[in-house]
Structure formats: structure tokens, C-alpha cells
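Next come two complexes built around subunit A: one with subunit B, the other with subunit C.
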Partner chain A sequence: TMFATQVYGDNGKMKEYHYTGPVEHRFSPYSFNGGTVLAVAGEDFAIVASDTRLSEGYSIHSRDSPKCYKLTDTTVIGCSGFHGDCLTLTKIIDARLKMYKHSNNKCMTSGAIAAMLSTILYGRRFFPYYVYNIIGGLDEEGKGAVYSFDPVGSYQRDTYKAGGSASAMLQPLLDNQIGFKNMEGVQHLPLNQEKAVQLVKDVFISAAERDVYTGDALRICIVTKDGIKEETVPLRKD
Partner chain B sequence: MALSNVVETPASGFNFENVSRNVALEGLLEGGHTKAPKPMKTGTTIAGVVCKDGVVLGADTRATSGEVVADKMCAKIHYISPNMYCCGAGTAADTEKTTDLLSSNLTIFSMNSGRNPRVVMAVNILQDMLFRYRGQIGASLILGGVDCTGNHLYTVGPYGSIDKVPYLAMGSGDLAALGILEDRFKPNMELEEAKELVRDAIHSGIMSDLGSGNNIDICVITKQGVDYIRPYQESEYKDKRQRRYKYRPGTTSILTEKIVPLELEVVQETVQRMDTA
Partner chain C sequence: MALSSVLQSESADFSFNNDRSFSFGCRFGQTNLGFGAAPGDRLNFAIKASLGPDDKDGPERKIEFLHGTTTLAFKCWINFSVAERNHQRTASKATNFSSQEQLALLNQPAIPFVIIPQFQHGVIVAVDSRATAGAYIASQTVKKVIEINPYLLGTMAGGAADCSFWERLLARQCRVYELRNKERISVAAASKLLANMVYQYKGMGLSMGTMVCGWDKRGPGLYYVDSEGNRVCGDLFAVGSGSMYAYGVVDSGLRQDLSVEEACELGRRAIYQATYRDAYSGGQVNLYHVHSEGWTRVSQEDVLKLHHQYQEPKK
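For the complex of A and B:
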């Protein structure tokens, strides 16, 4: 358009402004590339799911950029936020995993990876990695485990967690369907793998309806003692 | 007999009545830790094409409020007069009200003069109003219509600029749509070809732009009349879910219940017969 210049605001979203005088332009090291991640822990399985859209402002960079990364045979991490930091962070985690394996002669457990990630993130407390992380995997007893993080390393173990751009839409739905919150007289059935996968698919369909940054396709990683299975489901592309 | 003025002549000069109020409001809101409500923008793709028999306008149907889709089936092609329709991009409230105001004014004019309004008249009224508000009204409009002088397509920007063109796209998806229009537009196209071209242009905006999406509306204006096709094409993405999410009655817990009987006293009773003939 000829009359309004569009400028990227601090978090990567476009801003239109009227020229009212000299404006100081600052270089922002961050950019917001969108994406939603979700992890659910079951009795003997864990699911980490993410959409595959990479966007910036109102444009799409890629329709096939999944945000789940396999760390070990029993752990998957989902990272959303600034894609540059996501890539660097996963590289650093991979390197640290190798170092641990070579010094201690065993693979890192999910809990250990979570604790390590917390210190890695806090190490950059004053120039943070702009990444929302969720780790999903099996703990030492073989039970499902989910660890959710904030950008500077605060973490806790959860049963289920949504992160990224549509997290505020998904989390209440999960609270209701998995946590049985705000419901009375409903049987608290334990979540089995099939129901959990169906729920994750439905929840992402809803997120794609109302969040512009979520869509294109859904990548689901199911972690069980037999390994990691991947499934891809198409979502809205508009 | 007093002739009502179609467009009331405003006071001369710029109207800065609300500037001090706006500044005060902003200060109040910042201090009070509340944010000013974000106006809903349409984040749109709209396009228009002049063809041999008339004008074809197209629009997507998604309205966004920041990054959230506020309306999945919003109508962006607004009625102006029986021979003119207007697509609007920008702030949703502004496009609605501006086109409503224009439509009302033109209806009064038609009644006064006994003529169908011409497209240039609508464009001039729009331009005058938007310029007067110095861009504070965020409405980017595509106005298309058929009148006694021919088929016309105009664009009016939020600051009051106008452009008369044979094909056009506006909104956040304008560059995507313009790519298709630049490639395949020819002067004096047939109606069906023009409809397909506009549909493809809007579709390209829907796929490439995050602010546009869902269905496509088309409006065809010819000398014979108007064909408002809503939706021209429904989105191919259906939200079909695997499980059903229904709650039994009683799932929401009732914490307390208080019943207050209203004591009504009949003070006066009158019976009035209605004329139902």
C-alpha cells in the first residue's frame, strides 16, 4: 500500500504507523516465528505434538517446519518462539547429550535433560533464548513425563502442557478434558494412548481455526518403551 | 419546502476536537494498568476487476483481532446503492460505518433528485470524509459500480487518496492477490473469466497471507443487476473432530441457589381492544 508504511514491531508483528516526526529505529535481535507445541503424559507413553507452520508477521516462511526434535530414544522436545534460538538451543542440547554419554557411559534420562535445560536457559538470563520449551518422554520407571519451561529456565513436571502462540486457547481445553476440571459427576477415566492422540488432533484443529500462526500440518511424536513413532496430520492451510 | 443537504458542509479547517481527549485517555489507561481496547482489523484480501459487462468484486471472510480470528464468516462487501458495492479493508468498524454513512447519503440523494447515483459521486463523498479525518479512520475501500457512464472501479485510501483503475487489490493480502491479477488480467474480459480471476486472486491471498482466510465472497455488478454470491466458494478445510465433546446436564456444579419471589400487587387493570381487522 502506498500510504502507510508497515514496520515490524518488537515481537515481530506488523505495525502500521502514521509518520508524525523523526522515529528512532531500533534493531531487535528477536523475531516471533509462531507455532504451537503440546505434550501429554500417559501411564506408559508420552505424546509431543506441534504444528509445522513457520511464519513471520503476516507471511509464511514454511509449511513444513516441525517443532518437535528427538533428543534420545525416550525423550522428545518441542520448541516454539524465535526459530533462530530454537535451532541453536537444540544444537546445544544435542552436544551436551553427547558429552554426558561419553563421560558417564549412559544416556541422559528425561528428568536429567530437564534439569540441564533449566541451567542452560538460566545461563542466558540477561539475553534469553526466546523459546518456549516442553519436554515429553518416559521417566526411569517407564511412566510418561512432561516438563514445561519458560524462556529463562523455570520448569516443573506436568501431566499435560500447551506452549506457543495458541497455548492460551489449548490449555483450558486440556484442563477440562484431561484434568477433568470444572466438571462434576464425570468418571475420571485414565487416559489411554488412542484417546490421547484423538484429543491432541481435535485440539489442534480448534487451534488452527482461531489462531493465525497455527496451521498447515500437525506432527505427533508418540514415545513408548518400544521407541518413538511419528504421525503427520494435515491442518488448515489458510 | 426545504431541500435537505445531501452532505452537510462541515466547518472549515481540520477538526481537532478529540485530540486532547485522546491524549488524556491514553495517559489514564497507561497509568491504570489497563490497555486501550484493540480495534478489530480485517487483515484482509479484497480485489476488484472491470470486465466487459460490469464489475466483479471479491473478498475473503476472515476478521482478525491481533493474532486471533475474531470472525470466520464476516461480510466485507458492503451495499452502497443498487448499482454500487464496496469492499472494505482495515479497521472493521470504520469500514462498516463509513460505507453505511455513504449508503444513507446516496439514498437521500436518489430520493431528492430522482436519479441513480453515479460512482464518481460516491467516490468524492468518501474521499472528502476520509481526508477530513486525516487518516484517523482506518478504512481502505474498493468501490465498484455500474452507472449510465459505464463500469467503474475506484480505490479510496484511509488518508483520502483515490485511484481509478481497471483491476485492484487491497488489504494485508494485496500483494499476493495482485500477483495473480497482474499475470492474467486482460481488458474487456468475459464475466465468467473475470469471476474466476477474482476468485483465484482472493484464493492466493488466503493461502499466502495469515490475515486472510476461510471463504470467498464474490459480487458481480452489471447493468442488469447485482449478483451477490456469499459464499462463492466455501473453504475446503472442514473442522471435523474425532471425538464428540458434549456434556451431560448437571456437569457444571451449582454451588448455591437463591430463589427470590417477586411480590406483585395488582394496582390497576385496564383492557384495550386491538383493531385486528
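For the complex of A and C:
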């Protein structure tokens, strides 16, 4: 695989594609592999969705690399950012889940996983995991729960959240459609599962149109009390 | 002193492990920074050995910051309607007294001797709720007041993860103190614990500006603690990018004889005005009141609603 390097010029700024002058190569431990994740919490369900494109620079490494990982029967995590850190982080979370199960004789709840992930991420405060995490699942009462994180572990519970490369494009759309923001005199209807899934598909189709790092296919994980259902939907491949 | 015994029992180790390997492009060493946790509960931080100047782009920039923030807290004098009633009451009647007054009266002969409580402040805490990552608004619903325990509050400004992590650790230390000493921790001691915890990481890039507010046996307490090592006691603080705007409003409206509702409204207005002018503050205004029984959540209001409330009458 390629060494992740960044090309710096005299003034310390990154250089353009057609730059031909002197360059200084520096090793960077991080690289950006793209991808977008999204989670929505409903009354009795949660949806975690991600695209499946893995890119680096101007290339696509894989069209089938989903970013949703199943943690327990009631929790799914979506991780985007640097793929190496995503893999390591999910392995660490799986190991910690097993340890908890062995010492406490029960599965971790979504809220507990979120709190644990926050401390795992903060443990690397000075050399962060370059991962944007969103946890989706059911809380102890069976209601949908979404927890969104930043790379160093700051987190909060939300109703919906988009993370990753196209997050800035998706979040305002979700604010309007699910949060009814900036709409006057509109009835606040609760979100049912079919409408939520359709909204997620539409939103990712929009993201694939305008974000180069998002596309190829969409993987949707729907978490209900009956388990986790997975659905794959094709997206633009260009 | 109870505080020093707490610190002695945990080893504060300031030494760095210097045997990190610097082989080019390979492992980055792990440093064991024993800071002040109970033994067997060490915090290990892996340090990225910077092989070049600091990488401004990449994850550093994308971390959520609460630099865009306005948080403010001030001590206020509370009008005791009990005191007013005492003025008017007749010689022999005993109405609702606070326990202090009751005690004083019992020690007196039949002369009705009334002690009006002079030093009964409270602390009003008001914060906004916006978190930004660069120019992107990561969230408009962040809880910037951390409920450490039923009588201590901590506010958040600076790095979101830094504030919530260290204040959560502070909550744990306060609880340990309570269990060890069978009494509640004072605000001064709690703020000192926090200040000492982060001082060990001074210069390493933590960003935290917090106010520890509470009520202890000395009365109301308000301390400002930050990641640079400052710890100051005071009557009024505003922290964050919108703090200057908040100071202007609070300084002009603060009086000795504010009632609780007026003080809350002053705090609310100050945060609203700060969100109005500061691009990095916004969302909702969360208001708390700390009094002798602990803290109470007074209100949470959206800034847009406050805007209509304050601006409409002018038209």
C-alpha cells in the first residue's frame, strides 16, 4: 500500500495537484479514507446506514467496504474516517464487550457502550483515533437511541446524526425533515420505520451526487427488538 | 487537611518515561502519566511523537470545540421574603423562620430579636448550547453544564471532550472524597482537585475553561479553573468567545438587591445577547440556580424564541 504522505511547499501549506516545484515529504500516520455514516432513532427502532466506498486520495480502494459494524443484538456502530483506526477501534470495542459480558454476565446496553467508547477515545487524546463514530441502537426501554462522537470522545445522545465526509451536506437535510427546523406551521409527525428508511435512501442518493467520497452502495442496518436487519441499495458508482 | 490527604494517597507522578522509540515511520511510544488516580486505575496516554511541525489539518482541526461558547455564572444576593415578614410582624408571633433565625430567637429572652440573614447568596449559571468543529456547527443541543453532584455544577468551555472527561473524573473524585471523609467536598477543594488534575497536562494541548459552582458550609462558591493552570475565586465570571458580550450585559444589570427571578432573567438576557453577536454561540440558553439546598434547573429556552420575546415589543 502507499505510504501516506502529504506534500508541503515552502510556506507549509499543502500543494495543488499540478504542482511541480520542490516538495518536502513528511510521513503522516493518518490518511483519509472517506465514507459517510448516518443514524436515525425512532420510537421503537434505530437505523444505522453507511455508504460502502473506500477511497484514498484520488483512488477508490474498494466499492464494498461498509462502515456499519454490529456490536450486540441491539447496537450497531458506524465508523468513518481513517480505515485503519476504524478497524482497530472496532476490534477494541468487541474485546471490551466480551470482557464486560464475562465479568458482569450480561450484554452492554447502548448507553453503556457509548460511555465506554468515550473513555476509549479520550485515552488517545494526544494521538487520536481519526474516526467519526455514531452508535445506533435501542436503549433499556426499547426506544431508539443515537449517540454521536467526535474523534476524542465528546458525545451526546441525539435523535439523528450524520457523520463522515458528507455530514455537512446531510445534517441540514435531516434537521429539516426529521427535526422540522426552519419550518413554520408544520405538524410534527412522529417518524415511522418505512418513512425513515426511505428518507435515509433519498438522503444518501443526494450525498452521492455531490460528495466524491460517497457512493457505490448503501448499507442500511435496522435495529428493532426482533434483531438487526440489513439492506443494501446501489448508489452512483462514479 | 482533608484535601492534602486525598492528594497524598494517590501518587502524583510528574516524571515522563523517556524510553520512547523514535524509529522513523514506525512505533509511537506510550507514556505512562500517573496523574492522580487511584492505584490500579492509571490513565495511559499514547503520545504522537511529532516528527515535524504540528499538523494543522487532519483530526486536530476536526475535533469538536466549545471555544464557540458563552458560559457565565455570578453570585447574587437573594431577597428573603422571610426577612421582610419579620420586619412587619408583631412582638409575640413566630412565623416562618429559617433555622438560623430560630436558633438565635431561642437563646433570647422574650424580647423579639430578629436576625436578618445578610449573606444568603445563590449562584446563577447560564450557558449556551452550541458546539463547533471549525466553521461547522456540530451540535446545537450540547449540555454545557455538568451536574457533578446535587450541589456542585461545572460549566464547559474549550474542548468538548476535555471538559466532559475531566469533569466526569472530578465527579468521581468528589464521590471518593465523600466516602472517605463522610462529608461533602467544599467548592474550593473540588476546584482545586480539578486544577491539579489538568495542571499535569499543561502545555500538551488541553483546552478547558470551566467554572465550578456550588454551595458548601462557607456559603456559595464560584471558582474559575482552566487548562493553563488558573484557579480564581470570584463573584462573576463569563467564559468563552461570547464572554465579552455577556460581561457587558451582566455588569450593567447586576445590583445588590436582585430577586431570584430578576437574576435569572439577567443571566438569560446576557447569554441571549452573546449568541446574538457571537457567531460561535447559539442554540439554547440553559439556566441553573445553585442555592443552599443544591442546584435547580430553572429553564431551557431556544434563542430563536427569546429573540421574538425580546425584539417583538420594539416593533
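We take it that the second predicted complex is superposed on the first by the 215 of 238 C-alpha atoms of A that agree within 3 Å, B and C clash if a C-alpha of one lies under 4 Å from a C-alpha of the other, contacts with A are read in each partner's own complex, and residues count from 1 in each chain.
Please note the rule applied: contacts are C-beta pairs under 8 Å (C-beta built on N, C-alpha and C of every residue); 3 or more make two chains touch, one makes a residue touch a chain.
Model, not experiment: these values are computed from the prediction.
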item: First, second, both or neither for A:K143, with subunit B first and subunit C second; value: neither
item: First, second, both or neither for A:T119, with subunit B first and subunit C second; value: second
item: Touched partner set for A:K229, first subunit B, second subunit C, both or neither; value: neither
item: Touching partner for A:Y30 - first (subunit B), second (subunit C), both, neither; value: second
item: Partner chain in contact with A:R210 - subunit B first, subunit C second, else both or neither; value: first
item: Partner chain(s) touched by A:G153 [first = subunit B, second = subunit C, both, neither]; value: second
item: On subunit A, the residue positions that both subunit B and subunit C contact, one per complex; value: 3, 14
item: Parts of subunit C lying in touch with subunit A, wherever the complex brings them together; value: 24-25, 28, 43-48, 51-53, 55, 57-59, 62-64, 131, 133, 136, 138-139, 141-143, 159-162, 164-165, 204-206
item: Contact footprint of subunit C on subunit A as seen in their complex; value: 3, 12, 14, 26-30, 32, 81, 118-119, 121-128, 130, 132, 148, 150-154, 156, 158, 167-168
item: Sites on subunit A touched by subunit B in the complex; value: 1-4, 13-14, 16, 18, 55, 58-60, 165, 177, 182-186, 195, 198-199, 201-202, 205-206, 209-213, 235-238
item: Interfacial residue positions of subunit B with respect to subunit A in the complex; value: 43, 62, 64, 66-69, 72, 135, 138, 140, 157-159, 161, 170, 172-174, 206-214, 235, 237, 239-243, 245, 247-248, 250-253
